[in-house]
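Shared chain: chain A. Partners: chain B in the first complex, chain C in the second.
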Partner chain A sequence: MNEHDKPNSVEAQARRDFLKTGALVAGATLAPGVLFYGVAHSRAPEEAASSDKRFGLLIDTTKCGDGCNDCVSACNTENGLTGETGPQDSQWIRKVDIKDLRTGYVQSLPMMCQHCENPPCVDVCPTGASMKRADGIVLVDRHTCIGCRYCMMACPYKARSFVHEPLTDQNPEVPRGKGCVESCTFCVQRVDRDEQPACVEACNTQGHNAMIFGDLKDPESALNKALKAASSIEVRADLALNTGVRYQGI
Partner chain B sequence: MARLAKWLRLAALMFAVAFSAIASIPAVAGVDLPKIEKGKGDKCVEDTQYMRRNHMDLLKHHRDDTMRKGIRTTKHSLKKCVECHASEKSGSVAASKEDFCAACHSYASVKLDCWDCHATKPGKKSPTQLGQGGVQMQSSPLIAATQPGESK
Partner chain C sequence: MAQEHCTNQGECRTGQFTALLALGGLVILGALYAFFTLEHHGHVLTGMNNQIVWGLPHVFAVFLIVAASGALNVASIGSVFGKDVYKKRAPLSGMLALALLAGGLAVLVLDLGRPDRLIVAMTHYNFQSIFAWNMIFYNGFFAIVGLYLITLMDRKLKAWSKPVGYMAFFWRLGLTTATGSIFGFLVARAGYNSALMAPMFIIMSFAYGLAIFMVVQSAMYTWNGLVLDEGVRRRMKNLLAIFVGASLYFTVVFHLTNLYFAKQWDFERFILLDGGIYTQVFWIGQVLLGGIVPLILLFMPRTKDAQKICFCFLAPLLVILGGLAQMYVTIIGGQAFPMQMFPGHEVTSTFFDGVVAQYSPTMYEWLLGMGGVGITFVLTVVAVRAFKFMPQDDFHVLQMRRSTD
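Presenting the complex of A and B:
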């Protein structure tokens, strides 16, 4: 990285903005040494995830139908979960019903890993298996997870599950197995090929449009525009985790 | 603890594979060698002898790159190994003792736990992955399941 590429230079900022808008141009040389690969593929396979992005999700609970389980089923199918909800079953996303006891107003919302900027699960992990990728996606590296479940205790959102029994016939893109902790990955395998997480895609194709996924660092993203247009909150904002998932309507 | 044991086993495997290579020298002909099914493509991504000794290092390096950094090149990816080496008979690399990984590993008596988590059979691909590999594409049940009108 030479002097001109330093993020604090105005020129670099302008160039980044230009790169964002020009991301659909195939193979165009935009600046010395900067070349884009392929149409609509913002990251080449050999390129590492970058902290120029932070993935996030906005959920509008007012559009979230009572009893609707479309996001949950899509997650289960994509990631090879059984869909069972017993104490030993993996749940990466759950529908949670909340009721205002004074008014009786009931809402139903999906809850999953909030992809915290300051994730307690990562803080407590003794092996480094709990990790946050450069683009903000919080993952468990099963190769180093020893199944101690500290992270499950630390997570304020009850987002993580432990795999208790041996598994077979996993989705080749989503390896998972006994003895490791797991949670929502934002469907990292899909995000890495510029697709939306399975829950978001399902919610939108079913016409609910309750979820917007995108890059929190891109001011032009649909996500940021929606965040700017209406009030939204973090669940348990008092914990100052700066979650990547935000909610509207609760 | 299990993970530490895994690396010890990997180290043991390296020795074991080196050993089986010695056994293949004509001077000790007559020793039964593992029968390894031929892969689908013309040749492997690396020289066969190199792969025998170093596949575990390549896989470990690639797994860290993919898992931690999101680098998704396909040359040394386990998924691609499985796509080429899945047995014609079982469709898997480790379902029976004749399958590619199992053949050598059971011969060398080296347990491997890749398959506790990773699929031993090639998966079906979504249309968006079409450009990425040379393997024949099929429509994905994963995509179909998230289409309208099915889950409600």
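Presenting the complex of A and C:
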């Protein structure tokens, strides 16, 4: 029996080793995926945005290139804007050049909807079309916007545009329409897929790394770590709107 | 004798009434043409843009709405403060208030980006929005003043005219407070963001509304070959002068307050000194033609014939012109001045940051704005033709005087 058992026990040991290794490999392969899914899976369409998060953006103006327009171009492509810059054309994000009148110091920075915690556009909208999602993203409901433009009067950042003429060739993910007001959505369609807004992605792809997007409520997010590392400001902080977009280097 | 029963009503002067209706109708048709064209092509055809988002139509609309609550003032002085001369004019005052509000609201609605969604505006209310409150005030104004008119004109309900008159008075104060606050609550812009906006709009509404009332009243008297009693005329003249003076006072206080705040200096320099068209419209239109000249006309001693023209037509007409100028400076000028996002910095961008916004209204905006005036005009003409809105105080005396001639 022992003679017969020996080769069998060797085989059994090999089988056990194989199963053990296989289980380990499979576990090592699947576990991070399962864990990752549990922690940060993209929301299902029917799932509401969560107030456990507040999306925000940090812009380091010292890294923002003078004359660089990559974020603007990416926004236009992603959201189906023409990129024209006439007085009646929509601009969701724009490069603003500022020059200190006393020192002559010149800086360039992107300006867009600041996704305020207390947005004046939401306060003034008569129908509630201007709204703030639970995760802090300020949006316009295209079904209830009546085109009164009161939100444009109220926005301290001139972040909103009115669609002055009929549109063609729209991005199906970003419905727009004549007679409605629109503005930066943080590329909400991408954020809901756990992607970065187009402007941020373009800035990083081009190697500028001037924009960090993330969850302001997550202490471990790159955004929060960067905010803790250096001082940042809100534009028009005097209004106490607690903007989701912050600037460093101004 | 045939003229006796012919004060606006009956079969007399039908041709001329029809001509007036046709004139008003033509203006309304122009507005409808503008509306349908803009509805089809979008606001690209207007001079409005992403910098000047509220243009000429809003100037007319807000002026008419503010004047509407002011026009009711005559009735309020009668019902609430018990002045008999004004009581006789309460129906005309109430009717004018409704006609003015209808005209103003029509322009506001026709200028929406999505006027087809008016039902949304009526079914979705954000009660944090002063604009939503305005909609409630406007609709309530129609209901309350309509009821007020019924109590004034139906003998059986006459007893109710006082309490309903009180209600209308407080409602119109609320309405103009809300209208002024549309601008007063705008924290973003240097030209607004002031608690003074609400009381200033109220006092200005008194002036504009009374001015319009006086022009309409004078036109009705002239149309019927009647002469307004001198005592009545003098009282209304003095009242208009008080309102115009108070409006000027509020304007001075508003700008003085701004001049005291260093952060507001650039805006004040823009409006008062180097704002081009806005500076001109402010000084020449709002202050001089709309304030100082009417005051001089109202108080300058004149012969009786000259008095009639200045008191009843010219001075109120100038106040109306000044009112439109004031709305232009407040609404367009307030937007044209660049928003100060980075104080102490020169700002440039592709989105016209840091520069004075350019605005030149197109034909469509004029047509829309004038359409509001046209609607008010037609409603008034129809109302004075169909109902007895002629003030009744000196009427019998004048008729008796004429029949004995």
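Here is the rule we go by: the second predicted complex is superposed on the first by the 207 of 250 C-alpha atoms of A that agree within 3 Å, B and C clash if a C-alpha of one lies under 4 Å from a C-alpha of the other, contacts with A are read in each partner's own complex, and residues count from 1 in each chain.
Here is the rule we go by: a residue touches a chain if its C-beta (ideal position, glycine included) is under 8 Å from a C-beta of that chain, and two chains touch if they have at least 3 such contacts.
Note that the coordinates shown come from a computational prediction; the quantities given were computed from them, not determined experimentally.
Student: Could you tell me if A:Cys180 is touching chain B, chain C, both of them or neither one (first, second, both, neither)?
Tutor: Both partners.
Student: So, A:Pro219: does it touch chain B (first), chain C (second), both, or neither?
Tutor: Touch partners of A:Pro219: none, neither chain B nor chain C.
Student: Mind working out whether A:Cys155 is in touch with chain B, chain C, both or neither, as first, second, both or neither?
Tutor: A:Cys155: touches chain C, not chain B.
Student: Is A:Thr144 touching anything from chain B or chain C once the two structures are fitted on A? First, second, both or neither.
Tutor: both
Student: Could you tell me if A:Glu47 is touching chain B, chain C, both of them or neither one (first, second, both, neither)?
Tutor: It touches chain B, and chain C stays clear.
Student: So, A:Pro166: does it touch chain B (first), chain C (second), both, or neither?
Tutor: Both: A:Pro166 reaches chain B and chain C.
Student: Identify the partner contact of A:Asp135: answer first if only chain B is touched, second if only chain C is, both if each is, neither if none is.
Tutor: After superposing on A, A:Asp135 lies in contact with chain B but is clear of chain C.
Student: Let me test your reading of the model: by the given contact rule, A:Gly207 touches which partner, first (chain B), second (chain C), both or neither?
Tutor: first
Student: Chain A residues touched by both chain B and chain C?
Tutor: On chain A, the residues that contact chain B in one structure and chain C in the other are 127, 143-147, 166, 178-180.
Student: Note which residues of chain B are touching chain A in the complex, please.
Tutor: The contact residues of chain B facing chain A are 1-3, 63-65, 67-74, 79, 82, 116-119, 121-123, 128-129, 131-132, 141-142, 145-148, 151-152.
Student: Of all residues in chain C, which touch chain A in the complex?
Tutor: For this pair, the touching residues of chain C are 41-44, 48-51, 53-54, 112-115, 117-118, 120-121, 124-126, 128-132, 134-135, 182, 185-189, 335, 339, 341-342, 344-353, 357-358.
Student: Which part of chain A faces chain B closely enough to touch in the complex?
Tutor: Residues 38, 43, 45-49, 68-70, 73-74, 77-78, 127, 131, 133-135, 139, 141-147, 166-167, 169-173, 175-180, 188, 192-195, 198, 201-202, 205-207 of chain A touch chain B in their complex.
Student: Can you list the chain A residues touching chain C in their complex?
Tutor: Touch residues, chain A against chain C: 85-91, 94-102, 111, 120, 122-129, 143-150, 152-158, 160-166, 178-181, 235-236, 239, 250.
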